[in-house]
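Letters are used for the chains, namely A, B and C, taken in the order the chains are written, and counting of residues starts over at 1 for each.
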Amino acid sequence: MKLTSAKLRWSCLILLITFTYLSLDIGYIDINLLTALTSVFYGTKSTDAVILWELRLPRTLMCLIVGSGLGLAGAALQGYLRNPLAEPSIVGISSAAALGAVLCIALGLNNSGFFYTPAFALAFAFVACWTLIFLTRQSKSKHNVILIGVGVSALAGSLTTLILSLSDNPFAINEIVFWMLGSVTDVSYSHVLIAGPLVVIGTIFLYKHAADLDLLTLGEETATSTGVDINKLRTSILIGTTFIVGGITAVTGIIGFVGLVTPHIVRPFVNHEPKRTMIWTPPIAALLVLISDIIIRTAPTTGEIKLGVLTALLGTPVFLYLISKQRS
Amino acid sequence: MVVENEAKKLRFDYKTIATLIFLFFIQQGQGNVAFATVAGNGDRIVSTNLCIDTLAVALIGAENLLAVSSVADDKKYSTIADRIKNTKKTSFNAEQIYSLNPSMVLASNFSSLKTRRALEKLGIKVELVEYAQSIDDLKRNINQMGTLLRATEKAKTLIQKFEEFPAPVGFKTNRTALQYSTNRYLNGENSLINDVFLRAGFSRPQALKKSPGGQFLSTEIILKAKPDLLLLDREQNSAPEDQNSAYHRSIYSPLAGLLTTHISQKYWSCGAPELIHLIKALAKTNSDHETKE
Amino acid sequence: MEHALTTNNLSVSVGKKTILYPTTISIEMGEMTAIIGANGAGKSTFMRAALGLIPHSGFSSLSSKTINERMKFASWVSQDRELVWDVRVKTLLQFTLERTLRTIDTSFQKKLTGINEALELTNISQLADQQVNSLSGGEVTAVLIARTLVQQTPIIFLDEPLASLDPIQKIKILSLLRSLSKSGRTIIASLHDIKQSAKYFSRYIGIKNGTVVIDAAPIEAINKQNFNRVFVK
């Protein structure tokens, strides 16, 4: 049963619409969606309307951006590296973005202006990207990308831990740790306007080479003989991933597992084709993030579960199950 | 075909999960049943940080607060848990706070920037009360909050109490004290607990003068510093003299010769008027010691 | 195009080590040529360099073309059978067909005809809907050859196409290659097994330690003296 069948396509769309609606309707407190919508038209002031438009809508948009972006990046990386375990963090870009943001918070610059943290995160993400492109430009093997990515990731991770241990301010530590767990709470349209365009730019870079990923199925040699420029492909994939992951991490912190797990969920429905996986992973991943965030908002806990934690909690069992199935 | 069965199975699980989640949140209740109360003068005050809650309750009483932070309910960390039993609790997020329709929100300078900005965009005034790192900071905070909460007289009374134990000028004492947490954290010279020690007549051991900041230190260094008094964390429901198993045994060894006392952190981590009792108690051990000599 | 492949002092070095010494060779259109030699002699290196898949010095008529131009002339059947995504056979061919249709002016009238025809020519029509990971070694080789047919190239390079095949599968592939050659395609394949393939190929180029030591018809090439020249140290 393929996802090109109209029935499944429609179910996907309906689910997405349903959960988007639920994301607007459900939150920490009850609001009346109808009142909220109508009061805008009638120009009357209402608490519900403000909550809907200023808080819930940006948050929902952010979930959609995070899900579709990370899902796409994961699908693209798995397609390019021909490795089902690939994830944006495997190439070190999310760790580098995290390092940038952590450094910014530790220096206290995040209080100076709104754009500092995203700027730092994005800058460091691109440093990692450039390192990857530079060190792998002559290499023939896809393994080099993974190996160097692991190295970049390890370096960024240890530098982050170093900053944490050198910081003598326990509250900065607190803020850093919370940031590293990922959250879309109280995002505003400014956040959406930072992450959104960056994700769009990254998406363009990635979709440009979607068909190349299909041809890559038979290995790099065969792909080259059918007209794929491997170097251009690698550069595009890395740059596209950096825009997406850098843009998202800059705003929400680290959110893991979405990019790893969703392509695996999608693949059986698209006959394992890399290009079609890239097309259908974003909406499914967006759905997963929406569901996770709705759970977060309604969970009766005093402290708030961070989004990155929940996606890992939901994603890990699915992931382990898929691995065990593969082995058998 | 194998792939189709797999796809069908996945679809079923997927829908089931979606349904279960749907049912799950539909059954969740929101918020708690405590009252949201308005201050006598009409102020609708929401406090979002435990330390600030403690000061607010001391200044105007729990019955005049619209809401306090959810941590205030936890006896492990809060000294006001009993007093705010009937006060509404809130987490620091814009939606919850906005729905309370407050006239003023009190937050710490370390609270989430995102949420503060979101609240300001919604037209809610957020007053920042900085975390107190000294008794002077605490007095400043009491003053600031006294003005904000329109309780200046009460504020003056509370501040007055600290005058009994002014900041020491120069080093007069020869007894040293340190505070050491179970997670190996030692508060620095510019910390509240250190100021408490100073005002109670203790000074900081010479060995630690070189590193004035707060940091994680091994037990060795604490033993080497040989403070005359070592303030340790107390486990809930244990007596003050009980040894805390989270610490290394050597701290309690007679060979180390340390005088240890256990106090729960909740009594001194926040700048609260109750701190005066701790200062008095510590000062008394000092004077007791002197009369013995 | 007169020659299928012309090389002039084509050589490959990695660091200080020379893997392929300057080689000048010319292969005609329609020829069925085998590159023979021991393991590590440089057969694959020669073919890869000729096709421009690896960096090299010297000239190769195919490698000097742009990537898009080259894919119209020559296609490649790789030795490594890594197939991570378990797609269907016809999907694999579909990928190449879509790419080919974008770069080539002449096209088949209906998309699927090209794929079906390729599967027929390689006698694997019954495998069209099977998952590639469920195929045997010989079947995969046939699929890869079918893929090159979909690429519509006059020249087909094959890197060790008979490796790890049993004798019957080997004959099947060799017969297939001969029929493709008869229909006008140029076949260039690297081989280990020279006896069985002798009657299929018209030319053997023997490489030893990176140098061409033999370039003759198979009958000549496999006499004892020449055999030693190519294979014995």
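Here is the rule we go by: a contact is a pair of C-beta atoms (placed from the backbone, for glycine too) under 8 Å apart; a residue touches a chain by one contact, two chains touch by 3 or more.
All of these numbers come straight from a predicted model, not from anything done at the bench.
Engineer: By label order, what chains touch chain B and chain C together?
Structural biologist: A
Engineer: Please identify which chain has its centre, taken as the mean of its CA atoms, farthest from the centre of chain C.
Structural biologist: Most remote chain from chain C, centroid-wise, comes out as B.
Engineer: For which pair of chains is the number of C-beta contacts greatest?
Structural biologist: Contact tally peaks for the chain pair A-B.
Engineer: Return the chain label for which the distance between chain Cα mean and whole-protein Cα mean is smallest.
Structural biologist: So the chain nearest the centre of the shown protein is A.
Engineer: Between chain B and chain C, tell me the centre distance in angstrom, where each centre is the average of that chain's C-alpha atoms.
Structural biologist: 74
Engineer: So the centre of each chain is just the mean of its C-alpha atoms; given that, what is the distance between chain A and chain C in Å?
Structural biologist: That gives a centre separation of 42 Å.
Engineer: Find the geometric centre of each of chain A and chain B from their Cα atoms only, then give the gap between the two centres in Å, rounded to an integer.
Structural biologist: 35
Engineer: For chain B, what residues touch not just one other chain but two or more?
Structural biologist: Residues 3.
Engineer: Among all residues of chain C, which ones touch two or more of the remaining chains?
Structural biologist: Residues of chain C touching two or more partner chains: there are none.
Engineer: Among the residues of chain A, which ones contact at least 2 other chains?
Structural biologist: Those would be 271.
Engineer: Once bound in the complex, which stretches of chain B touch chain A?
Structural biologist: Residues of chain B touching chain A: 3-4, 6-8, 10-11, 14, 18, 21-22, 24-25, 28-31, 70-71, 73-74, 91, 93-96, 98-99, 101, 110, 112-115, 117-118, 121-122, 131, 185, 188, 213-216.
Engineer: For chain C, which residues are in contact with chain A within the complex?
Structural biologist: Touching chain A from chain C are residues 48, 51, 53-54, 67-68, 70-71, 74-78, 80, 82-88, 91-92, 95-96, 98-100, 103, 144, 147, 151, 157.
Engineer: What residues on chain A touch chain C, complex-wise?
Structural biologist: Contacts found on chain A: 82-84, 140, 211, 214-215, 217-219, 221-222, 224-229, 267, 271-274.
Engineer: So in the complex, which bits of chain A are touching chain B?
Structural biologist: Interface residues on the chain A side: 1, 8, 15, 22, 26-30, 47, 50-51, 54-56, 110-111, 114, 165, 168, 170-172, 174-175, 178, 185-188, 191, 265, 268-269, 271, 291, 294-295, 298-300, 302-304.
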